[in-house]
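Right after this note come the structures.
Across the two complexes that follow, chain A remains constant while its partner is chain B and subsequently chain C.
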Partner chain A sequence: MGAAMTPYLVHLNAMTGGLFLLAAFAIVATRQMSACLRWFVAQSLLLTASAAVIGIGLGSGHLAAVAVITFLTKVVVTPWLLRRTVRRELYSRREISQVFNIPTSLLIAAALTLLAYGVLYPVTALGVGAFAAINLPVGLAGLFLGAYTVAVRREALAQLIGLLGMENGAFLAAVSIAHDLPLIAELAAAFDVLVTALVIGLLTRRIYDRVGGTSVGLLDALRER
Partner chain B sequence: MELIALLLIPAAVAGLSLVLDHKRAAVVTLAGNAVVLALAVLVAKRATDAGAASALGGWLSCDPLGALILLLVAFVGLTSALFSGGYIRGHSASAGSARRNYYPLYNLFLLSMLAVPVLANIALVWIAVALTTLTSAFLVAYEDTSEALEAAWKYVVLTTLGAVVALLGILFLYWGTRLAGGEEFTWAGLLAAAPGIPAPVLWMGFLLVLVGFGTKAGLAPMHTWLPDAHSQAPASVCALLSGVETTTALYVVLRLFPVLEAAGGTQARPWFLVFGLVSAGAAALLLVYVRDYKRMFAFSTIEHMGIIMVAVGLGGTAHFGAVFQIVTHALAKSFGFYAAGAVLLATGTQEIASVRGLSRTAPATALALLFGGLAIAGAPPFAVFMSEFAIIKAGIDAGRYLVVGLLALFVVIAFCALMQHVSRMVFGPASRDRPAIVPPASCLAALALAAAPILLLGIYLPDGLHRLLAAAALALGATP
Partner chain C sequence: MEERILYNLLQVVVVVGLSPLVGGVLDRLKEIVQSKRGPSVFQPYRDIWKLLHKDEIVSEESTWLFRATPYVAFVAPIFVTLLIPVLTRYPLFFAFMGDMLGGGFVLALGGFFVALAAVDGANPYGTMGASRTRMVGFLAEPVFIIVFFTVSFVAGSTIPYIVQSVWINPLSNFFAPSHVLTMLAFLMLILAEDARIPVDNPSGHFELAMIDKSKALEYSGRGAALMKWAGSMKLFVLAIIFLNVLVTPWGLAESTAPGEVLLAIPLVLFKVLLFLLVLVVVESSLAKLRLFRITEFLGAAFITSVVALATSASGI
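Up next is the complex of A and B:
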């Protein structure tokens, strides 16, 4: 693709990055599980878009392959896998009590986003290119927000979606800085995501069957007394 | 050739044990592990003599440090397979489906751990480490009690969280290698490219890997999941989790030490020292108040991870002690958990306070527990004493009195705490009058096999192993 298109692609990528971050915030704040999962799918679509846009911008066939792999594993297979393994009634569940209320959570999430930009300043100051300047901090922020979701959400499914959101963040950074990773590593990483979803999904099911609930945040039989 | 076989055998055995019944699967697993250990010895020999063993056009490669990890995984894999035979059958709680899945998962777990030191590309190493969690999740949940499921949940979620953080770190390191003009993203390639990697990129990569895989290795303050998982899994699995799985994650962190030294001198050392001392100190204090003897062995693992971090951070001659400590930790900790498993079979409780006078009711088990306690606490003449002594001596020789003083203090606190708990369980009047209980034959055999090197290495270090350790210690230095 010609250099003339690059500014448009940079803008398009910046918009994708912004929406990606929005999806990460939405996962933090959405109470209902099925809506949470839909936000994850939206976030995965945006990751696919970013990989495709940067692929066009850099003329990298490799990233086109990454976009296809991401689309198949995260937009198609992972949600399907989760709907198969986790019992249906869990998706209609609304999480009433989080560790913090939603406005507080969103404020903390905003602070984490600023932190991501701050932490990465020494790196972005090196002059890393227009794509990485967006994807690195947004990716790290996505990672932080996912970790925050795992920390404050009590429902098993919400914690799992937080983990998958973290992975999306890492891969959003990856498409801008590691766009020529061996394809076998990309495939293996996609496989890893699927196994993560499968194992944690099955574990959620076992916990539901055995304990009668999936508020894993409330499990505290094991600790030092 | 050996490297390829090393990975193919557990994969094949995993498939076989899926179709065979439980008893035959146990035999096949044991045989497979024996072959894997023999191959690992061959790889270690080649790596010591030639500097590295490689296969598949460079996709598989193993230097002395990798070979050491490989050897330990293979050895603990063998003793654990032996221990599993009697333990899983003798344990009442095992439900049908969980039991059917035990050996397939066991072999996949072993495969993922064997892959860590063998894969050449660091991105693939990351995937292997991430898979060690996912393959072992249902082994931790094996007992299917609500406690075991809670432990498995914390284990999977927190270590996967750590793995994702480490993933971003690995990607930064990859990016740095490319920026520096490096072609190969292997440990050697990263080390060669290190001086050319922009400092912020390298440090970002290192810190993310340190926090991410530090979580998986159980470094304090990210250790909270570890005592849960390592106390709820069956003893045979605990031996693998505590003895070698933590080490495979720590291995990736340790690999970055020479990279940072090559890039910019000694700035990384304080990170290793502080994380190491905090882990050893926290574990020593937790050991004083622990009430569950399997958690006691788990805390000792956190302490040992801390000691290894400190030894690497000290640099120089302490590196020999560091790699020796990796060996003695794997040997002593796996033995400790076999002993704990035998105690659980004999008493049916994990509470320290409920176990009294074992020497009367179950003499063989009591002897194993005493031996295991002394071995992991680092009493002479056991192997852990030798490695800890080597580290402390190297630190004193280097004039690092504060670091060594703190480390020695934590080691002594941990020693006293461990010995107090163990002696209460072993000696004294029996809490209940019960006929003497002897562990199943395969458990006794596993205990004997695991005990032999702990005793041997405390007295005598064979020449071949000494050369392997020296070469592995060299791999932790900045100049290869």
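Up next is the complex of A and C:
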């Protein structure tokens, strides 16, 4: 790839990184379940775009394969699985309870993002390349925000999406530093995500059928109080 | 030098003269989306003309504030127009009198007087609208400040004429995340600042739900005309700042040749038309938020601007 294209690719990758971070924030703050799932799909699409852009920028066919795998597993199959396994009633629910109200949540999430940037500053200051300088902090921030989503959301499905968001963040950081991971490892990781989504989706469905709700906050005792 | 003063005054003439047209086109576009006929795009001019020829009634209980406010609100966008690039890419005579923050202060001064006058008239709806506007205002303030930080961080300057050329010089800067996210945050800020859906319904006539319009309910005659004109000028000025400073300086005059500066007027209007189309899509596809959800909307705008700042701080 010609040197003239490189600044465009760097900025394009940076833009996907910025939008990826916004999608992570949206997953933290969206009230509606189906909108939350759509944001996850958008985030996965941005991850695909980032992998493709870095693949073009470094001329690595390997990353192109990673982009295809990510697209198939996270943009196509995982949402389809979640829509199939989890009951429709969960998606039509408008309000999902959170431990904090949404502005507070957003502020904590912003602090976590700045923490991710601060933690990785010594690393990026060493000169890790233009792609990794964006993807490493954004990926770590995505990881933090996913973990935060798991911690504050009280609905099982939203927690699952937080978990998948964590995975997305780790992947975004990984594509920028490990260009030559064996393809079998990528395939295994992708398959892992599918199995996680399927298992948690089926489990959520069973819990919903037995208990009539999946609010994890109410499931802390074995017997009804 | 003379032509730079002249062009600066031409900018004011363009903003004052064409802003009602922009309001009219926006209303007409919305009516078309709603499958209505709607009034002509020149209706705001007729409204202003009609109001200017009507008697003005001022409450005996009100003070000088109420009388002075239409003039302050009318003059504030004109002062901002002197500072920002409306038609040209090179700085004009008054360009270095104030930076973006100065322009923001002048616009805020107009808003401050309008809020005071709404309370001064002792109309309960006016007071309610004023306090709600302040609520939206103080939530929008941090977004404005962070956008301002990002812009000054990236461009190394806060003079609008210098900022605008940074985004396309080199062209790959246009795709920088700080640019794209700043645009997004500022668009949300315009929606809040100009009381557009989803923050407020500009075409609503239900006083209890109003935020922005209820402040001008007490005005009649000339005062009402000036307030209406000032409102459309404010939208036009915000759109110009957004399009010419934060998006791109494309379509603006490069040289001091009079023909090129005059050619910039239709080009800028075309850009404004594109902006209005975006505004119509936003306003037609979203619903007005509940009052206490506005914090979440502006919280999202704040996060967007913080992400813009964070990504620009990492050197890209």
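FYI, the second predicted complex is superposed on the first by the 219 of 225 C-alpha atoms of A that agree within 3 Å, B and C clash if a C-alpha of one lies under 4 Å from a C-alpha of the other, contacts with A are read in each partner's own complex, and residues count from 1 in each chain.
Convention: a residue touches a chain if its C-beta (ideal position, glycine included) is under 8 Å from a C-beta of that chain, and two chains touch if they have at least 3 such contacts.
Predicted model only: the values in this text are computed from it and were never measured.
Asks: Are chain B and chain C a fit on chain A, or do they clash, once the structures share the same frame?
Replies: Because the two structures are overlaid on the shared chain, the partners are seen to fit without clashing.
Asks: Once chain A of both complexes is superposed, is A:15 in touch with chain B (first), chain C (second), both, or neither?
Replies: second
Asks: Between chain B and chain C, what opening angle does the Cα centre of chain A see in the overlaid model, nearest 10 degrees?
Replies: An angle of 150 degrees, rounded.
Asks: Is A:182 contacted by the first partner chain B, the second partner chain C, both or neither?
Replies: first
Asks: Touching A:192, do we find chain B (first), chain C (second), both, or neither?
Replies: It touches chain B, and chain C stays clear.
Asks: Based on the superposed arrangement, let me know which partner A:117 touches: chain B (first), chain C (second), both, or neither?
Replies: second
Asks: Touching A:102, do we find chain B (first), chain C (second), both, or neither?
Replies: After superposing on A, A:102 lies in contact with chain C but is clear of chain B.
Asks: Just chain B (first), just chain C (second), both, or neither: which does A:133 touch?
Replies: second
Asks: Regarding the shared-chain residue A:29, is it in contact with chain B (first), chain C (second), both, or neither?
Replies: It touches chain C, and chain B stays clear.
Asks: After superposing the two complexes, find the smallest distance in angstrom between C-alpha atoms of chain B and C-alpha atoms of chain C.
Replies: 18
Asks: Per the definitions at the top, what is the overlap between the chain A residues touching chain B and those touching chain C?
Replies: Correct list for chain A: none, the interfaces share no residue.
Asks: What part of chain A is in contact with chain C in the complex they form?
Replies: Interface residues on chain A, with respect to chain C: 7-8, 10-12, 14-15, 17-19, 21-22, 25-26, 29, 102-103, 106-107, 109-110, 113-114, 117, 124, 130, 133-134, 137-138.
Asks: What does chain A use to touch chain B in their complex?
Replies: 119-120, 122-123, 125-126, 139-140, 143, 146-147, 150, 156, 159-160, 163, 166-167, 169-170, 173-174, 177-178, 180-182, 184-185, 188-189, 191-192, 195-196, 199-200, 202-203, 206-207, 210-211, 216, 219-225
Asks: What residues of chain B sit close enough to touch chain A in their complex?
Replies: 121, 123-124, 127, 130-131, 134, 137-138, 141, 144-147, 149-154, 156-157, 160-161, 164-165, 167-168, 171-172, 174-175, 178, 198, 200-201, 204, 227-228, 231-232, 286, 289-291
Asks: Which residues of chain C touch chain A in the complex?
Replies: 170, 172-178, 180-181, 295-296, 299-300, 302-304, 306-308, 310-311, 313-316
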